[in-house]
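In structure tokens below, several structures.
Two complexes come next, and they have one chain in common, chain A, joined by chain B in the first and chain C in the second.
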Partner chain A sequence: MKRPQLTPVLCAIPLAAVAICVVGAQWIVPDATKQDILLGVTPAGSPGHRFGTDQLGRDVLQLGIAGARSAVVGPIFIALGSMLLGVLLGSLAGYLGGWVDLLLTKYADLLLALPTTLIALVVAGLIDGGYWVTVLVLVVLFSPTDIRLIRGSVLAQSSRPYIESAKVLGLGKGRIMFRHILPNVMPVALATMLLNVAFALVAMSSLSFLGLGVGPGVPDWGRQLSDGRDLLGRNSAAVIVPGVLIIVIAAAINLLGDWMQERFEQRARQR
Partner chain B sequence: MSAIHDMDRYRHGNGPSQHGLSVRDLTVTGPAGPIVTHMDLTVWPGQTVALVGESGSGKSMTAKAMTGLLPRGVTATGIVRLDDTEVNLAHGPDALAGLRGKHISLLLQNPFTSLSPVHRCGDQIGAALRPSLRRSSDEIQRRLQEVDLPARVARQYPFELSGGMRQRVALAASLASDPEVLIGDEPTTALDVTTQREVLDLLARIQRERSMALLLITHDLGVARERADRILVMYAGRLMETGTGVDVFVSPRHPYTAGLRNSDPPLDRRVARLPAVPGSVPRPWDIKAGCAFAPRCDRADDRCFAVEPELSGVGFEPINQVACWKPLATNEARIAEPAAPVTDVINVAPLVSITQLVKRFNHDSPPALASVSMVIGAGEAVGVVGESGSGKTTLARILIGLEHANSGTVDWSITGPPATRAQIVFQDPTSALNPAMTIGAALTEALRAGGRDNSEMPELLDLVGLPAGYARRRPSSLSGGEQQRVAIARALAPNPKLLICDEPVSSLDVSVQAQILNLLNELVERLGLALLFITHDLAVVRQMARRIYVMSNGAVVESGDTEAILTSPQHAYTRTLFASVPGRRAGSAGRPGELDE
Partner chain C sequence: MNRNFERGTVLRFTLVRLAATALLLVAVSFVVFALLHLTPGDPARNLLGPRVSSPEILASIRTQYRLDDPFLSQYFHWLGGVLHGDFGTSIRSDTPVTTLLADRVVLTAQLAAYAFLLTVVVAIPVGIFAASRAGSAVDRTINVGAIIGVGAPSYAVGLLLLYVFGVNLDIFPVYGSGDGFLDRMWHLSLPAITLALGIGALVFKLTRTAVLGELEQDYVSFAVSRGLSPRQVRSMVLRNAMIPVVTSLGLVFAFLFGGTILVEITFALQGIGALLASAVTFKDIPVVQAITLLTAAVIALTALAVDLFYFAADPRVRKRAAK
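Let's look at the complex of A and B:
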């Protein structure tokens, strides 16, 4: 029983560090994007640059800290947006049933059948929209799993006796939906949202690695990884730093989400 | 008679050849604290011992500890001894691996989850056979025959069988290793009464033939009394009383046992008020000092609260033991509860008339309701009795508007919104309350639905016997009985003319069940409510309804005055139902204890 308590603490440390970087990057590393073309690539451990510099002479560590913002903010909006869609459409489908349900599940199935990254790549490439368009595309592409999840949870709640009691009391559909069903679906939604942040972080980083998403010059882990590819021989830290950051943060969010989900399930069982 | 038999076994049991299974000083500890404390237990070959207790008494954990199947985070200490093998439980669950399966077998409550859904029944029995017999289909046939199942079952999957048949397969599988001891953990609780009787008869026959020891874990006093040579009563992880079935239930010495016996509704008559035990069953780890039952005991004094009594002998028989500082005298527990005054069935104006209701859920299966007609008068208490699949719940759901009939009519003699016509109380109070809402919020909503004001809430809570402060609490912090009170309050909030109760006490502990039944009777009286009481339990319906309908396979097979039907049932089905009620064999329909008066 005491074992799982370690997970949230271990996850909170890197997440808190990232949160600080997201909010305060401009004060912590004001010169992160300052180029020094004359300096060029230096290996890790060079004076003043613990992890060396990249081709443009930018400090790898400073760039990593500054990149936290674009790496994390987008995914948070993706997770929020897709869960908003999920809750809205999923609860409509689950509670109303009938043709609304049929239409929405078919829509979700269709989206699910599409390869997420490829579509994002094509759309973002075609309309050349940059960061926020990519976020929007990913919101749409992430939403079908959320729609399905919420629909399932709403259906599971709808047949429970307390919902039937509410119907017998003659309460309106809206009231039953918002006062009775949704509060009991929220825990699952929150835990899933956290997991989605991790997936979106990886997806966003992949896209910027492929040259989409953030504009040139904006610090971003995926782009840093991509830029650093050619430097493996000269300064491997240029790849390792953003790579490790992506892995650690995605894993921490994932673990925290899993832990939350388990907790909620445990609580649901005890009820 | 059975007492003499039992004593015989007891004396022989002390001989060197017949050890049976014994457990010494069993303590089971969970994450929150002790679940079972210092428990001793012995079952001799050929003997049935019933471990009786309410929820949280630790009876299932005792079985799990004895078979090394405790859940993670729960540990046990104590010595398990079978014949000449002794196992120290403190050495971990694997210590029992040599005994479990081969010598001690376990039969679980739910045959649907205890059997594997992807394996054929024959293979599941075969898997537990000795390796040399495993592939022998003759042996599997023989095993199926032993539990009265046809040979074809070997090739079938569990989901193709009825609940009773599934439990027979589970029994054959747990007997496949020819164990010396069988532990049945509520083996018939999930079954209908008539099926329960068949399975219990089968179990008794096999036990006799094999001279096997049987430890029967049950919450059902009737089953324990009817089937056990010896009864152990557990409460909050402790043994409260032991003795023969007759001793324990005819002249219980522990106030708790007496309370249990008295609160079990009698089948043979309607009593004015069931003698309920106040309060609810505590969790074992919440008990600090003194007797676990003291807070609910009307005999408790300072010593009861300060020092925990040890199990010690009472009377002449060494197997009669009680853990009580102030045990009852032999005849003291018998409460002559006055019978309810017989009231004539008055011809009241009908509140709702149901005519030829038909409900089909799908076209291939027989209808859930096949032309059911029924009348409920204003202020009348009507019972519907039947087993699972009889259509009684479907009837309630149509009446309340949660389901629509394919044909037939429901005519109400009153007007107004549906919420003020009828309300419903479900079986499981935990799932009937929104876990995310406080009691106050749930009741406010229900009051508003009936056009009443929120200020009436304290009054409403008081009506169901709950303090006004409960409004701030959430359902998860309430006991099952309290949750059911809240569910009743919510149903009463819109001032309905009819209260439908669908098995409202079958998921509650016996000692709490009586409180809820009394409360419902009081409310019906006080508010002039009409009551539709749906149950499988004939003894319960006798306490609740003046008029009953007996349903079977979607049709009403018998209806009329409760007293008349339960005194001399006419229809064959009603008679079978009546004869199947455990603890009340045909011809001796009295409450245990009243037989020999």
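Let's look at the complex of A and C:
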């Protein structure tokens, strides 16, 4: 009776490919960063380089495969970190209420009103932080949506009969929170985390497009695009390969996250 | 009685929102000023920039920026200048920051306005159309497109558009910002489309959700069963659905203004965003401070205007505020 779902399958294919590249880049493309300055830019289809080479003679496709790591690893940590902050602060706000709630909600509202790229650019750029500092800055900037989500879900769950009965049974606040409320919030949190990975991927690669985040020489899609910008006339593949990679991966994660969110909402409505 | 009562509420709401906005801007200005001291290294050296360093010059910078004064007094001195339109001197180009900004703000404003116009003209009608055919294949296709559009980074989209329409098809110019108004608009077309794509996808989703939400309301089934023509019903639905959409448009414009960084760099346009990116790279702190503060001010004031508009347009909001 159950129809096979098209969206998750279609999204899983590029995501699995990227996962393989993240884990195995050093075996699949061991020479990705090997420069050949004498060779320089070659157009797509030149011998040995199906998608040509960039200014430094690096193979565009190999660099793209190797770039999966810096594109995906940071965003995964951003999504995890901001959800951790969200669960901590959001459940605190939702459960304690009162002035703690007011303070945390105002804090989240303030952060939410900030243009992420601009703040990340200014802060990470002035500190000269490198990859992991940028990740940290983005964790903070991404947390308000998670704080609000967890707070809202905790509030929604708190008024349900099963929590009331848990209270009547005399269970402690912490136990109710971690054993009963949070497991019920988990599905929504998972979908949100997935969507956050997509947004963080775009934010991180935008910053490296602007020359922040990854160090020079590290394979990265954003950096590859900013290098490739001047090569449009000579080897357009230097732009097309990383550009299509980012768009396809971001789209796959977004579509999957959206699909998950819809399913969980449907299930919640059926209850 | 009702009138006086309402006037009082409106006045109180306006005053509270004004005070909150002012407070927010003061807080932001404080953080923005602190950027100078948060940047690693000696502030005087950072302000010196690439110029030749000598103890005398450093000392003169210390007195000029009052770096030996307590932090708060430095802040108030700086804020006093800002309130008189003086953001100091750019370290990199040795010109007043205000002059630098004035030269570039027009381009950024034109780009943002162009993208805004595209968003309004395309995203809202498509959103209404999709909502009227909710669940159909067309609706689902547009939806998937919107999800991809929301998630796609503007610089990647911009470079691909540049390749297809600039290099391959040679329809749009690849470099420069054009002379005269029409040529300028022609040069800004691809950047504006790029900028409008992501934000337009958001406005589309919002419009679709708003219209769908109204269509499910009881008053619609009531109006239909009373025999009102589809046209009359549609006009009722649209008028109500547009309240959240129109209010969101204010914020869309503010975000477009702040979101031009990537697009300006992608298309080599010399606007405010590109200036900010290079100022960050060269640690040109006065320029960074000015742009960050002005962007925050634009966003905060737009949010204020949106709230006031919402208050004026929707009697339900007034009633809730009165309680």
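Criterion: the second predicted complex is superposed on the first by the 267 of 271 C-alpha atoms of A that agree within 3 Å, B and C clash if a C-alpha of one lies under 4 Å from a C-alpha of the other, contacts with A are read in each partner's own complex, and residues count from 1 in each chain.
We take it that contacts are C-beta pairs under 8 Å (C-beta built on N, C-alpha and C of every residue); 3 or more make two chains touch, one makes a residue touch a chain.
Since the model is a prediction, treat every value here as computed from it, not as a measurement.
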**Item:** Simultaneous placement of chain C and chain B on chain A, clash or fit
**Value:** clash
**Request:** Determine, under the contact definition given at the top, whether A:Arg160 touches first (chain B), second (chain C), both, or neither.
**Result:** first
**Message:** Let me test your reading of the model: by the given contact rule, A:Thr145 touches which partner, first (chain B), second (chain C), both or neither?
**Reply:** neither
**Asked** A:Ala113 contacts which: chain B (first), chain C (second), both, neither?
**Response** second
**Request:** Classify the contacts of A:Ser91 with the two partner chains as first (chain B alone), second (chain C alone), both, or neither.
**Result:** neither
**Message:** For A:Arg179, using the defined touch cut-off, is the partner it touches chain B, chain C, both, or neither? Pick first, second, both or neither.
**Reply:** first
**Prompt:** Given the touch rule stated above, what does A:Gly170 touch, chain B (first), chain C (second), both, or neither?
**Reply:** first
**Request:** Have a look and say if chain B or chain C is in touch with more residues of chain A.
**Result:** C
**Request:** Check each of 58-66, 220-228 or 238-246 in chain C against chain B and return the one that clashes.
**Result:** 220-228
**Message:** With the touch criterion stated at the top, can you tell me which chain A residues are shared between the chain B interface and the chain C interface?
**Reply:** none
**Prompt:** In the complex of these two chains, what residues of chain B are touching chain A?
**Reply:** 31, 73, 400-402, 417-419, 422-424, 426, 428, 430-437, 445-446, 449-450, 475-476, 487, 490-491, 493-494
**Prompt:** Touching chain C in the complex: which residues of chain A?
**Reply:** 110, 113-115, 117-118, 121-122, 125-128, 198-199, 202, 205-206, 209-211, 222, 225-226, 228-229, 232-233, 236, 239-240, 242-244, 246-247, 250-251, 253-255, 258
**Item:** chain B-facing residues of chain A, complex
**Value:** 1, 160-162, 164-171, 179-180, 183-184, 270-271
**Message:** Per the contact definition, I'd like the list of chain C residues that touch chain A in the complex.
**Reply:** 24, 35, 38-40, 144, 147-148, 150-157, 159-160, 162-163, 166-168, 174, 255, 258-259, 261-262, 265-266, 276-277, 280-281, 283, 285, 288, 292, 295-296, 299-300, 303
